[in-house]
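One chain, chain A, appears in both complexes that follow, with chain B as partner in the first and chain C in the second.
And then the complex of A and B:
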């Protein structure tokens, strides 16, 4: 388990940087040689320098937008993991509830949750909370389903050990059941992180007035193409950092799981 | 060294039977009513054809499965569920891969609300007893199958049960390791005076380890023969060529062969009737 995770981690990091170098090099060659139209694909130097040329309506800077999105994504991820974990444990302990709600949870994958935005706007106001709420719900679904699977498909022999040693339910949960379910829970959290990013940036793109998603849309609508690419690159980098950090946490947490 | 015959039963199995309900309806009679007694400090092996219900009987004695009829008692106390005086070692690797050897061994001690220092001290004693000193902080994936099984034995012994139930504990090990770990098990048994009920498929293992062998029939299982094993300990390889050993082995084998044939015929009949 831990070997595969560490291998996946390294391969993810190496692939990301290798691809980034290749894309930047290809981009540079294409723009410098005149192969592409620099109004659509601006030169690398102009994209990097765009940060200092932002003409935002709000006094927000590049780092402000990045910070807003990072906080929203992390808040959605943490809340989504907690909510999903709680739901997963509930479904495991009360399988009737799990079986009844499973079709609805699976349907959440298919429904664009932005349709709930007006309702959340009324409920939570015009601020970051509706976006964090959407991000939380989107993240919680895979975490809940995977947590449920993790607990449901424990090794029978480990259950027998807990019983034979007469472990009280809470101790059994902490020492056997939770560690046994962790690989599945982390898998759910990694998928949840992707959903949290998609939810946050998608919502920012459509309804927010700050954050990376908003900034990409704003720069694109104002034909500020180099800045748009800069924010797109920042969005990709943030996604990479969040997903890779979670993979690193999984690899460290599951390093002894055989 | 030969242990003396017990005066009274330490472990008593009275009229224990088990019937399982099948998913598609109907029932399977796994065990016919079984009566048996094991004296304090005795080592009894159970052999029988595959699927005859040896593990079911052991799980009932452990309190992990409820019998359909009858009862099990230890020192006159009825067994109604898992209890501290009965330790179980399973066939499958039951170590927790995320815990070190010492943490695996002290798992049961955590239930006892013992202070951590006392848990560690007791766990070290047991690790020493099973010959794993130096591997306290190793993880199960760093150990061989035989070493992992010794961790499971140490974990069970740490709770100092008076009855030790072993369900084919060496079934997944290679023959050399089985032989070595069998010798170590005997040393542990002789130094701790536990009552051992040992399930195995291996007639030689049963005869080298135990003082008595129960040969079980196919389903609904019952104890077809109870054979005392009269050999002195330690039992070395020279025992295998003696007439007495050959005679006892042949007797167990003849019962097993008949029962295994019955099991085979029944399975064939079931398959052909589908």
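And then the complex of A and C:
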């Protein structure tokens, strides 16, 4: 398991850099040869040297926006993983609850949760909390489903070892059941991270006055196209860092899984 | 699919396990009224009602249904529903066509799998909504940008599920084909594609959901119409009952489409597994 995860980690890192190089090279060729309209796709040099300071309504630097989005994504990810883990354990211990909620959880992909943002704005105010709330909920669903499956599909032999050794329930949970479910839980967390990013960036587009999503939209609306691409690149780089970091955490945490 | 292959493919695993557990249930339980999910629905409506008492922005459930029924045939709603439905379906169909072709390429060619699959998995892991301003720059505010957004959302689960399933066709099928001297196209039609159909069905359902989500996302951020645009405009005008009606309609439409494809998926799983 660990070897597979490390291989996936390296593959992800190499692919990202290869893609980045290919896109920049293709972009440079297309703009320099006049294949594309440079008002829509500005030259690489103009993007790199673009203005990143947003003057209105809140003066903030590139790093300020990056920091705001990073905090929101991480808050949504951590809260979503905790909530999802709690729900997954609840479904495992009380299968009646799990089966009752199962159709709704599986249909979760069908509902664009961002349509609830007006309600959240009134409930939580115009600040970071509605964004973190959406991000948390979006992240929690895959984590809950995978946690539930991870505990439910334990190997029979593991359960029997716990019973044979007459381990108390808490010790059995800590030493046998939780480690057995960890690979599925981490897989759910990696999907959750992607949803957390989608929720955060999407909400920033729509309701926020800070963060990378807002900055991309602001630069688009003020016709500052090179800056828009710079913020967009930062958004994609942040996504890559979050997803790759979680893959690295999975690989290290699952080192005893062979 | 192995655990590390893709974050997106996990949906397949979650749902495959859910389907497996459903198949394991005694046959007598099928066809019974789903009491648990109905209780959850009742609790959700009760919570909605309580929220409507506490928050002015939340219309009560009965009023929302009444407003939806009263406005359903209005020109504004009909146009919005038509636009979202047409854009969503167009994005879905394009996702399926491109996803099946690319999935087949990845699933059947080891070279294509080694070169393209890591890039597809990496691209799937990014928040695609971030590139919507680029689509608006290229296509403007018309349907083309929303359809493209829906396509970008929907194509990945089809590629990953279909490609992964074709690549994972048991080796024994190949031996059977060779021993029967089957030509390649016959093997593809008789063995490989049927073996991959259950996974393709999961991909189709996810593609439908995600295409619609992508289109609505795009409509909310910037478009000339559609249900997403109605939600945002009614919120701005403080017409919360109409906003609630649009949200309800969207949820019902999404769930109805997903549930139908889910039924198809279960039939395919029972038939081919």
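Going forward, the second predicted complex is superposed on the first by the 251 of 258 C-alpha atoms of A that agree within 3 Å, B and C clash if a C-alpha of one lies under 4 Å from a C-alpha of the other, contacts with A are read in each partner's own complex, and residues count from 1 in each chain.
Following the convention adopted for this analysis, contacts are C-beta pairs under 8 Å (C-beta built on N, C-alpha and C of every residue); 3 or more make two chains touch, one makes a residue touch a chain.
The structure presented is a predicted model; accordingly, all values stated were derived computationally and were not measured.
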Which superposed partner A:190 touches (first chain B, second chain C, both, neither): second
First, second, both or neither for A:201, with chain B first and chain C second: second
Touch count on chain A, higher of chain B and chain C: C
Partner chain(s) touched by A:160 [first = chain B, second = chain C, both, neither]: first
Which of chain B and chain C A:175 touches, first, second, both or neither: first
First (chain B), second (chain C), both or neither touched by A:122: second
Footprint overlap on chain A, comparing chain B with chain C: none
Residue ranges of chain A touching chain C (in the complex, touch as defined): 1, 4-5, 7-8, 11-12, 14-16, 18-19, 40, 96, 99-104, 106-107, 109-112, 114-116, 118-119, 121-123, 142, 145-146, 149, 152-153, 183, 187-188, 190-191, 193-194, 197-198, 200-202, 205-206, 212-213, 216-217, 220, 225, 228-229, 232, 235-236, 239-240, 243, 247
Chain C - residues contacting chain A, complex: 2-5, 7-8, 10-11, 13-15, 17-18, 21, 34, 36-37, 39-40, 51, 55-58, 118-119, 121-134, 136-138, 206, 208-210, 212-213, 216-217, 220-221, 228, 231-232, 235, 240, 243, 247, 250-251, 254-255, 257-259, 262
Chain A-touching residues of chain B, taken from the complex the two chains share: 62, 64, 81-84, 87-88, 90, 92-94, 96-99, 107-108, 110-111, 139-141, 155, 159
Residue numbers on chain A that touch chain B, as the complex places them: 157-158, 160-161, 163-168, 171, 175-176, 179-180, 182, 256-258
